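Each chain carries a letter (A, B, C and D) given by its place in the written order, and its residues are counted from 1.
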Amino acid sequence: MSKARKIKLWGIINVIGYALLLTACILFTKNFLATGSVAVALWGWLYVDSLSVFFLLTTSVVCFAASIYSIGYIDAEVEAGKISPRKAIVYFQLFNLFSLTMLIVPLLNNLAFVWIAIEMTTLVSAFLVGFHNVKESIEAAWKYIIICSVGITFALLGIIFFYYTSSQNAGVKSLDWSNMFSGSGMFDPKVVRLALIFILVGYGTKAGLAPMHNWLPDAHSQALSPISGLLSGVLIKISLYAILRFVMLANLSVGYAYSAKLFIFFGLFSIALAGAFILVQKDLKRLLAYSSVENIGLVSLGLGFGPFGGVFAGLLQAFNHAVTKALMFFCAGEAVRTYHTNNMNEMRGMIKLMPFAGTAMFLGFFALVGMPPFSIFISKLSILIAAFHGGYYFIAAFMLIFIALAFAGLLYHMSRMILGDAPKAMKARKESLSAKTAFIFLGVFILGLGLMIPQPFFNLLVNCQQLILGK
Amino acid sequence: MTLAFILSGFLVVTFVLVICKRITALIRAFRIESVFLFLYTLYMGITQRHADLFIVCGLIFALKAVIIPFVLLRITRRINVEEDLGLLVNPQLSMVIALIFAYLSYLFAHKAMSLVNLAESAAFIVSITAVCIGFFIMVSRMKALGQIIGLLVMENGIFLAAGSIAGGMPFFIEIALFFDVFVFVVIVEVFVYKVNRLFTHIDTSKMKSLKG
Amino acid sequence: MFSIFPKQLFLVDPLAVFFLIVIGLVCVPSAIFSIGYMKEESRRKKAIGWSLLVIFALSMCLVVTAGNLFSFLVFWEIMSLASYFLVVSDFKHEKSVSAGTIYLIMTHAGTACIMAAFFMLYNYAGSFDYNALKEAITRLPANFINIIFLLLFIGFATKAGVVPFHIWLPYAHPQAPSHISSIMSGVMIKIAIYGMIRFFITILGPGPAWWGAFILTFGIISCLVGVIYALMEHDLKKLLAYHSVENIGIILLGVGTAMFFWPLGIAPVAALGICAGLYHLVNHALFKGLLFLCSGSVYKATGLRDIEKMGGLIKVMPATALFFLIGAMGISALPPLNGFVSEWITFQAFFAGIMQAQGGAKFFMILSTAALALTGGLAAACFVKAFGISFLAMPRSARAKEAKEAGFSMKAGMVIMSGCVIMFGIGAGFIIPPIMNISRGVIGADSVRGSFYMVSVLPPLIAGVLIVSGAALFLWFKFGMRTKQVSYNTWDCGYYRTDSRNEYTATAFSKPFRIAFSFFLLPYRKTEKIRDSFYHVRKFTYETHTTMIFKNYFYEPLARLVYSAAFKMRKLQPGSIHLYIFYIFITLAGLLAFASLF
Amino acid sequence: MTTLSGIIFIIGKAFLLALAAPFVSGIIRKTKNCMRMRRGQGLFQFYFDIRKLFSKDEVISKNVSWIFFAAPAVVFTASVLALLMILMVQPGSFTSDGMAILIAVFFVFGLARFFLALAGLDAGSSFGGMGSSREMFISSFAEPAIFITAFVLCVSGGNSFKVSNLLALFSVSMAVIAETSRIPVDNKETHLELTMIHEAMVLEYSGRSLALIELASHIKQIVFFTILSWYIFTPQVPGIYAWAIFPAKIAAISIIVAFVEISLAKMRLFRAVDFLSFSFFIALVASIAASLGL
């Protein structure tokens, strides 16, 4: 079997695998919602409630899309001689490992194991970030590993504090979430407050909340495009999942209001910073990365406005952003391949050179900034409504200003890149079938959720909201 | 008494880390610190009569005092780096900062956590100081190895903290965390080699091509 | 109690129907026009253009019939988006792209304000439905209503192109294809006026009287600034775009009068104000649509938008010239066409206001009157320039000389609109009663009576006299006189050869105005002499420009400020990993130190 | 029945006034000449001029379009229309209808001006363009004052003992001087290329078209003088005597205008703006006075 065909086969097997996974996930969700119970399996090692299901679903959707996109992407990279065939197979192995670590996080019951799984996602994806083995990518990978590890070490300290109060005050000498949760009413509020700060800063680093976000643009811009999609779409959300678990633990002792304030602080900081950086960005993938910072900020704000319907909105935003940003990164991958540069100043007339990807990117951009009829419009609006409903008028005002700033920056860059006259020397090129399929697959989610939220999904989010708020 | 001896030893070695100017010295100091951590765990195991703790302390010794320093020293040998750690903050000032950290840790333990048990709080203060100093090493040392060791020192501090206030983590989790640390070191080793190959140095303060 | 799912999906009251009619009146002829206008485009482009057009028109219809804030917002955004795509439909040109960008950024900023206001309302009403809102108004604290008013005003004013939020309008409207400019200028910006009437009057109203004064002030500023800029403009479509700013100002004068007098308890005047505003709104939609179509026809025939290069088009494109003249007469408020009627009613509203108001209000009305009078005069001057320079005299370029008349469908579109312009003038007697009905519905009182009698009688009278006397004079001249007509060169003071280069230019035409308004326009000139020797100048170039005050002294500094601030912020991320780790620690330490605050 | 007789009455009056219009110009010219110690032409000279023009052949530029031919007719008709319309207004008791008509009169003059300005541009000569530009310029600045003073008139009812009315009269006189192309804004008597405004615009016209335009400008003048006359002692003179005293008022206005013309020098174009702005501010003061009830 020739190398090229072998690579393709790998890719296709991957896709089939993820398709099965996705189907399983959806069926599981359906089943789960029907019974409505919390599942504890494997002698308490696994713990699945609505929140886990939600993140599982997000992960599997984006992973599936990335696996589709990978076929054509890797194929073209191998053809262009950027990746050796041997390395292409390594790519698929790492891809699977990465997905596995991310998929396992929401399923684990033990919080320390969750921590380890998240650390593993960093370590595995570091290879994918530094995949090209050039100076920039290795630099990015190094920063990625070190910064995220520092962050996550602080999170470990936070876990220990939780464990301390759990064992000391509640008498639960276990890090199993289900056990800890049952005793969480007796936690010492003083310790929980401190611990939650450690958790938020620690996992927040991984989630890309400003000002701990600095690894994010580097890693996203240097990773292979399908991986950038995964990083931005899922990885940072997975850390958010971990944060939410602790927030739920803290609910009974310090109340949700405390976590909400922290969320608002980080959220506002993130969107403010991201807005500014978006405005002066030159690198396409960094631009998208900062947009991820902005969006994680929005999710965080949504969670901050939690008691007023914000959790629902925030989680919806998380899902929508995962899907949309994956699309944008895939499109960016196509663009980078066409223009052989990440520099936006050299990209013009994308819609002429690559009609499908260009159009997808344009629409994706409008979806990303929250234009109807796309899905982020709904979630962004819900976050805003929650903000106003909660009486956070000033925060909402700042939010609107920063969103507008980010919008202006993105629009400026995107319209110049996508429209305009293409450089004379370049010829239009066809996108691969796999890329198109991935775009369409993601597009269905973007548009579909914008038009209507299916009842099961809605119920799932409502369940999550109740879980997180502790009702 | 024994505990006081172990803790003060741990603290002193941690301060020594701050004034190390050479990479190998730093690694060796880290090794000694790990030995103190081992002693602490051993002490806890003896006093608490917990069989699990003995396994844990064996692992600490094997991993932190033997394997990891060995791996790190192997790196220094292989990539032939200069010994100089590259200090962004000179040892004197570093010492002052380390003392400030110690004081802040004391404040943190007493004011924020309101620990009352003397033994418990002493260990906790030392552990938080170690975390801070580990962080400080990461921030103020240019070489990549300095950052790795900084992180490991932070982790040591956290292990100490876990032991001090929570009486050690559940057994399986400790094992898993060791595994994690091990994997981390191995992977980082790979990256240090890559950095060295591409940049011909491991000075992370010069890795600034990705900005803004 | 709180639900984002509205119960009241649609609200089709007379006001909404009125706007639906306006949309139809402009969109249908524009669509017919576009058949001819887009004839040479590729099939693909045609398909995209048409579908966007349909989406655009449909979204506008849905905005005005929306019965709750949520669907209003959704369709409002879709309307902006569709129009953005239409603006950048000529996407190869950097100009279109940047025009689109400015447009969408401004719109987005405006929409953000609208959103804020909507959600504040929602917060109190607990529902998005208009009915529920109206009930909830009484529960709102006064300063809240005022903030909501200001936010909504900024939002709608941005879309409507009210000065100083008009900055996008002269860029975006000219860049769109002409039939789209016609819809954008004719209808889209009116949707914002719909928003104002709907929210300020039917839902929030009657607010305090200062709202009305506020709107009137902006109306005065808009109509004057719009027309002054228009006078300076030589790009035909840009000129028309600035006139949209002006006419929005005039519409606001009507609406503002209503908002001013309603809370004062003088409802009949208020009703008259609404009536004037709405009438001018539909009129502006008609003649501005028509003018944009004509400019499209000219652009199609000559490829020109600069009127300095046109000239003499009346001979090669007689039909387009006639339609343009009708539009120009309409917009210059010349009797008996429609612009005259609505400006006339506006003046009458002012008059009624002066007679009934007390003290300061009276003076305010007088100022509005003066502003409107000045605007009218300047607008007429501007259209003398626009029509005279581009259509009359000799062609100033080869392209203008070789122009061909527009095709059938384009003419059809223009005919329909010119017909409407004439009908809405002469047939004012038939148009006024339904509009009065609407204003009665909005304000809840009958408008001042009496003057409408003249409104319905005078325009047909004037038209009749003009036609009869015109015909009589024509017949007399043709058959009743024995004198001859001799054709000869234009009087040239004895100069041996006059050609198009001797003609009066648009720049020259507007020079008196430029000097008179120099305090606002801040004109400057650039001259460049290329000399062979001290005595002989081989080439002399002369440029004159005006300073765009709002752009140069507000928007650009603002943009620069934001940009430079953002650029400075980049230094926060210099690539140093040590610094990044430090950030984490600082955040942690800071949060721990201030944990008690949270 | 009353409507019909009213219409006939108005048309009759309009006919008389139109007939008298050149005579008013004659009075002004004669007065000026007297004051210049010249004999000058007779009072009826303008009638002869117009008759002469009607019987002359026309020279028409090759460049012109139908606008050029339509303009004289439109201008003439509009002037006549304006004349008819102001006769529909009852001076002294302004109803909203009367006010509406008064406003409409200004719009009708706007129509005339618009076409004349277009005709000025039509031939493609620089003079015509210059004239059009200046005419539009001057008139647009005269307009605000005219509108405001019209409102003052409504409030004061033309009572000459009211401050507001006097101020308004002063202001509107200035505006009327501009509108009727009189010194110091324009000068009808000269054809010096660089200073003329109205005359530059009609430079290409000759023969019967010129005759119509001349006639129209006479009519326009009498319309404005009529409006001016409403500011003078309107309530003091009861309705029955009003028409008797009307010719005297017009004659007085004519003579005063002649005095003004003879005693002032023509202004530069941009000084004319100052002149009109001054008139506008006086009008504003008048309006404030009116709103205070003075």
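The rule we apply is simple: a residue touches a chain if its C-beta (ideal position, glycine included) is under 8 Å from a C-beta of that chain, and two chains touch if they have at least 3 such contacts.
Not measured: the values here are computed from a predicted model.
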> Is the number of contacting C-beta pairs greater for A-B or for C-D?
Replying inline: C-D
> How many Å are there between the centre of chain C and the centre of chain D, using C-alpha atoms for each centre?
Replying inline: 33
> With chain centres defined as C-alpha means, what is the inter-centre distance between chain A and chain C in Å?
Replying inline: 44
> Taking each chain's centre as its mean C-alpha position, how far apart are chain A and chain D in Å?
Replying inline: 76
> What positions in chain C touch 2 or more of the other chains?
Replying inline: 570, 573, 577, 581, 592, 595
> Mind pulling the chain A residues that touch 2 or more other chains?
Replying inline: 142-143, 146, 150, 194, 217, 277, 280
> Among the residues of chain B, which ones contact at least 2 other chains?
Replying inline: 112, 135, 138, 147, 204, 207, 209-210, 212
> What are all the chain pairs that meet the touch criterion?
Replying inline: A-B, A-C, B-C, C-D
>> So in the complex, the part of chain A that touches chain C is made up of which residues?
In response: 142-143, 146-147, 150-151, 154, 193-194, 197-198, 200-201, 205, 211-212, 214-215, 217, 258, 261-262, 265, 273, 275-277, 279-280, 309, 349, 351-352, 366, 371-373, 377, 381-382, 384-385, 387-389, 391, 393, 396-397, 400-401, 403-405, 407-408, 411-412, 415-416, 419-421
> Quick one: in the complex, what on chain C touches chain A?
Replying inline: 2, 4, 73-74, 77-78, 81, 88, 91-94, 96-97, 100-101, 104-105, 108-109, 112-113, 115-116, 119-120, 122-123, 562-563, 565-567, 569-570, 572-573, 577, 580-581, 583-584, 586-588, 591-592, 595, 598
>> Help me check something: in the complex, which residues belonging to chain C touch chain B?
In response: 570, 573-578, 581-582, 585, 592, 595
> For the complex, which residues does chain C have touching chain D?
Replying inline: 311-312, 314-315, 321, 325, 329, 332-335, 340, 343-344, 347-348, 350-352, 354-355, 359, 362-363, 366-367, 369-374, 376-378, 380-381, 383-385, 387-389, 391-394, 448, 450-451, 453-455, 458, 462, 465-466, 469-470, 473-474, 477, 481, 483-493, 498, 500, 502-505, 508-513, 515-516
>> For the complex, give me every residue of chain A touching chain B.
In response: 110, 112-113, 116, 119-120, 123, 126-127, 130, 133-136, 138-143, 145-146, 149-150, 153, 156-157, 160-161, 163-164, 167-168, 173-175, 190-191, 194, 217-218, 221-222, 277, 280-281, 286
